[in-house]
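Per-chain residue numbering starts at 1, and chain names A, B, C, D and E are given in the order in which the chains are listed.
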Amino acid sequence: MKLLQTEKLTRAYGGVMAVNEVDFSAQEGLITGLIGPNGAGKTTLFNNMTGLDIPTEGKVFFDEKEITGFPSHKIARLGIARTFQNIRLFKEMSVIENVMIGRHFMTGESPHKKRLTNMFKSYFFMESEEALMLENAHKWLNFFDMDEFANEDAKNLPYGRQRELEIARALASNPKILFLDEPAAGMNPQETEHLMDTIRKIRDTGVTVVLIEHDMKLVMSICDNITVLNYGQKIAQGTPKEIKNNPLVIEAYLGKEE
Amino acid sequence: MVNFFLLILIYSGIYALMAIGQNLITGYTGMLSLCQAGFFAIGSYVTAILATSLGWSLWATLPVAALLSAMFGVLIGLPTLRLKGDYLAIATLGFGEIVRNVLNNWDSLTGGPMGIQRIPMATIFSFTINPYKKWAFLALVILIVVISYYLFERLGRSRMGRALQAIRDDEIAAASMGINVTKYKVWAFAIGASVAGIAGSLQSVFSLSVTPNSYTFMVSIMVLCMVVLGGMGNFAAVILGAFIIQLISYFPQLTGLSSVIPPQFKQILFGLILVVMMIWRPQGIIGVRSYRVGQKKSKAKGAK
Amino acid sequence: MALLNIDNISVSYGSIKALKQVSMHVNEGDIVSLIGANGAGKSTLLKAIVGLEPLVEGSITFEDEIICCDTVSKSVPTEKIAKKGIALVPEGRRVFADMSVEENLDMGAFLIRDEEVIRKKKEEMYDFFPILGARRKQKTRSLSGGEQQMMAIARALMSSPRMILLDEPGLGLAPLIIQDIFDKIAYINKSENVTVFLVEQNARMALKASTEGYVMENGRIVLSGSSKDLLNNDSVQSAYLGA
Amino acid sequence: MKKSLLTVLAIVMIAPAFVFAQGDKEEAYNVGFIGPMTGDYANYGILCNNSAVLAVEKFNEAGGINGTPVTLITEDSEGTIEKASSSIEKLSSTDNILALVGPIFTGSTFSVADRCQNEGIPLITPSATHADITKTGDMIFRTVVSDGLQGEVAGHYFYEVLGHRKLAVLYAKNDYSQGLYESMSATFESLGGEIVAAETCLVGDKDFKTQLTKIKAAQPDAIYIPNYTVEMAQILEQAAQLSVGAPFVSCDGFSNPEIYNLAGAYTDGVVYVGPAKVEASDAFNEFAEEYKSVYGIEPDSFAINAYDGANIILNAIKTAAADGKATRQEVRDAIAATKDYEGVGGIINFAENGDLVAYQGVYKVNGTTPEYLGAFQVVNGKLVKVD
Amino acid sequence: MGSLSEFFQHFVNGLTLGGVYALIALGYTMVYGILKFINFAHGDVLMVGAYIGLFVFDALRGSAPLGAWTFIAFFLAMLISMVLTAALGVVIERVAYKPLRKASRLAPLLSAIGVSFILSNSAAWAWGTQSRKLNYPFDNTPFEIGGVVITPHQVLVLVVSILMMVALKVFVDRSRMGKAMRATSLDQDTARLMGINVNVVISLTFAIGSALAAAGGMLIALDFKAYPTMGMMLGLKAFVAAVVGGIGNIGGAMLGGITLGLLETFGVAVFGIPQAMKDTISFAVLIIVLLVRPQGLLGKVVREKV
């Protein structure tokens, strides 16, 4: 089943078509890769699916409901979580707080009931809810084997750990689908290897994964499905094997044979 | 002598309330607002007007002052919140000046430049909290500061506080985590404004008269200095900041040198402190304290 | 004789060590490439060479003169390093977007006082990169990525540097354009005798273009040697070429 | 971290230590002064403070109180209620003052007066003109006439003597200026005159061209400017620049000789209502000369009032201390008992409520010299020339 | 509103008031353009410039009657004041702002507020709080055109502010150092890579901004007098003008100043808003502009990249 799909999604900046009539889809329970040379429009497509940007034309569907133009906090609440190319952590906050934020919208009597009482609600009333949040946060930190850093400031973590924390934060919101924007960027081969295992593990918990990545080794070995963009257009879609042998893809990456 | 020191404490308390609100807006949410003076003025005038013309008691006017200030907080907040940094600062500064301008010109309601005099004193049951007898009034101020501190500290630790900090650190990431950024920013503004309104009410029943020129944007800047001096994002530090700034501003009187020191020296000193602090310790005297939660909670608490 | 000598340098961002005791050298007239994954510390190294990142240890010498070391007072400020003849084409091109192509080139020649020389130099650049000549009055903002990259290189060449540092010139560009840029780099190296130090993620392309190569991983130099050897080195292949 | 905490602690500890080390001195005769010494209104506070300082110095030179000098303690109100009330707090509790000169502005005077009444400190303000100030209680006096009195005479004089029927007003949105405007216009309109334009400004404004252009278009017989020295100088100059033909009439603020430095020949022809003057007395000349030689500037009418106010207080303390010890109540009674005091600004008597009993003087400026046209009083709704 | 001549009179008044705002706004815009921070002390630097000019002019002029010499003396005084004030500006930058270049945006703003305090109160302490008159060095008798009264001073203010704007524009667009300034404002690190000494460029920016302030301060003091707090409100208004016009944009500062001057004047003259509320007009305009067109009338949009 297609958990998420776009229909002729177009995003233009001035006259430049960053994304041009792209039909993208992600199958439930699988890992979908989104690849293409730099500047192909991958991140723009991500932003348009997660509400950070609004498409000029076209539609986005999630779980068969249209979500085009939804603000990003609403999209997040539907069960769509993401990470960013240039890590966006809450730097001044502790690691565990970062993960707890991921669960933010699932707590409180939000979104519509007794907002005011919630805000000043005594610590004691919140204790049980806090405890649940904490438990959940620790669970995800343990998942990444980084519980020991729980009380570090996020900005003090090593680079690789920051990437992992960002994923942990996204997972804390219990998403149905997870968007990863270049999760392996800046990692060494061992770390990348480890990350591949992690992503598989995430899929095995039932979360659909969509990722942008330059590391072909990673993409080819863990993705079930790959979509290739070039100059804002979809040029190919298929299994890793099909993609590897697609002449259009080879041309996009290596240039035309002379 | 003791009385004068008590007076400084009372003003420290009143300003600490404003600083607490500013801290929520600036320290927690990262919005550089410069209109606490405006909310302070609104609170003062609400109490002054309701008490003199309708005979309401302080306790009846307090919630109105807090609510009305909060309403204005939302009013200024909603349209300006998408402004960033310096732009927000100027827009809010402008709002503060507009409030003062309106108070100065709406003669039929505010008494115009004459202000409102002879505001009735606050009472608890039948006991009058006479601002001339400082202890009682100080107790009242401390009570309100302590309650506010408690509530804000809780607020800071609650999910809302966490959401605000997340917005401060990275708005886009916060939105992607399902946080309704606009809603929280407006709430922060409203709540931050409401304590300033309460501070205004107290100021009214303490000085027993109000005039528009007590609410210049210098007040907003003083409040901001308190937050910066103490340490942004830390409510206790901010209260200390309020106390220190008040000590500085009453330094000549405190040391009994007010006839010796040219009056401008205090202001020059104030300016120097700002410059030196920014260069030497921009994070404030105490600095930011981020909360530690989880297994090391008790330990972290003990260490502070 | 090494033109640029990097001796045991380290750079930190707060508690994170971005470079760990890196040593390397660049000989006059060579094209040297530095390859490695995103975040390995390649850009940091280039920034350190031009004095934009302070060193916590070690030193960098250019023509036997110390230009950077662990004490700020003994290090040469960036603008003076530029004067010594090192030009950096920064990552992401960093063009002055609100200025025209011509003004950008003027900035590249900031240190040259002679108007006539500047004019000649600009003509030279317009000949070399005809597309820039055609767009000389346009705001750089409106140029495409490839054109901006050419402009950034041209801007660096305006000061007639002894050595040019290129930080990922291929970033975000279509393969054909990258090839074009690499050809130009090789030409500059030959015809103008400009030493080139090239940082690239695209390992194959960089190694093919260069004579010497270094491989960086997590802030350390893990391999070095002639480009040819590196190209055939198994571990390089597996880690960086995805083969 | 530790170091900075220590610093903070040090500040917190030392500051109060200073306070307590001060202690209360035995048998000190302290007089307080409150006025804006910094900020936008500083000039008005400083001019008056100069007078008070001068008065105390001369008094001490003359022997003080049985050889003990009187100390004047000046506090800065910064023009705000908050600082004014903390100033009175400090003067009252720390310095244990016997009496207070000031504050300068109506707003802060209200709040300080409440406090003085409560503590039993006699207060003489040289410049707060709001009619209700002396209603605070029996401790409150002033050596300036209330708005009501001045505005009443002004209204009558403009209508009856000058024969104006259509007046334009340009006043500042502040207590003093607006108070004068309101009382003058009430009288003027009750006599049948018409206010054809009432324009406002703020103290500190420098550009009045918009208001003057509007006023010019309203074609008034004269323009009333109950305003402050600098603002009035500015108005006169810009009126000339805009070729506004109508003559100007003004208030006691015009008695500050500084206006002639700032506005020069533009002051020619202005008629203003100010404090009545006994023949330019020797005392006045002596004071004005001394003031100028010490401070380099000339005193304005408020500074004159402040000088007289300070002297009345000093004399009252002397009277009260005749038995060896002076209390605030004794000083208050001695002030209230002041009769026909010959001040530099004229004869001073206090009414039952503490208001100054005075006639209003009317002046006309010829070139840059004010000519005294005589003293006036309104009796039963009729303007009467005194003397 | 009555006659046509009254309308034009208001127009001329608004235009010159706008010219005054524009004069100050130029300095704000220059500093903001390069360092992206509000130099709160700019108005106070202007005040110091006005005082220096006043003292020098009085000394040079002595008791000479109005004539060619007074005119020359005035511009000599202006020159001296500009040089001294430029030096002051450079010193302020070095001491109070330079150490904060890498700090959060709040830090330099507060430091600038501190400097503003120090300058205005030091001036009050040293020179007294009373307003001082800077005498006209020329005959300021107004003349009339079609019922509209104009003074030579008004003409001077407008002419000088336009001249300054044009000179500044030409300098920034054409000269070597001007281009270096723009390069520095766009990207400091890259500017350094070009061999531009960023510190020198920033010092120069402050020097020019302060010199302009000194000249503006003297022209303003001719009409408005010199006093220690003159920089405060004028500075704020000028800043509003700079933002309305599009901060960082030289032409925008001019446009913003004139717009604000005209709006304030006509708001009072046509819509009957009391003059005491005119600050409300400015700040309301500010808020509206920030909401509708945050980059200002002539500014450019900058989009945050995700």
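Quick note on the criterion: contacts are C-beta pairs under 8 Å (C-beta built on N, C-alpha and C of every residue); 3 or more make two chains touch, one makes a residue touch a chain.
Quick caveat, the model's predicted, so the values are computed rather than measured.
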(request) Moving only from a chain to one it touches, give the least number of moves from chain D to chain E. (result) 1
(message) Can you tell me which chain lies farthest from chain C, using the average of the Cα atoms as each chain's centre?
(response) D
(message) I'd like the Å distance between the centres of chain A and chain B, where a centre is the mean of that chain's Cα atoms.
(response) 41
(request) Could you tell me the distance, in whole angstrom, between the mean C-alpha positions of chain A and chain D? (result) 72
(request) Quick one: report the Å distance separating chain B from chain E, using the average Cα coordinate of each chain. (result) 32
(request) Name the residues of chain E that each touch 2 or more other chains. (result) 121, 124, 274, 276, 279, 306
(request) List, in ascending order, every residue of chain B touching at least 2 other chains. (result) 104-105, 172, 264, 267
(message) With touch defined as at the start, can you tell me which chain C residues reach chain E in the complex?
(response) 50, 52, 77-80, 82-83, 87-88, 90, 94, 96-99, 103, 106-108, 110-111, 155, 159
(request) Quick one: which bits of chain D touch chain B in the complex? Just the residue numbers, please. (result) 1, 4-5, 7-8, 11-12, 15-16, 18-20, 22, 24, 37-38, 42, 72-76, 79-82, 85-87, 89-90, 92-94, 106-108, 110-111, 114-115, 118-119, 130, 132, 172-175, 177-179, 200, 202
(message) If we count contacts the way the header does, which residues on chain A are in touch with chain B in the complex?
(response) 50-52, 71-73, 76-77, 81-82, 84, 88-94, 96-97, 100-102, 104-105, 107-108, 111, 118-123, 126, 129-130, 133-134, 137-138, 150-151, 153, 169-170, 173
(request) Within their complex, state which residues of chain B touch chain A. (result) 151, 154-155, 157-160, 162-163, 165-166, 168-170, 172-181, 187, 191, 233, 288, 290-296, 300
(message) Quick check: in the complex, which residue numbers of chain E touch chain C?
(response) 176, 179-180, 182-183, 186-187, 189-198, 300
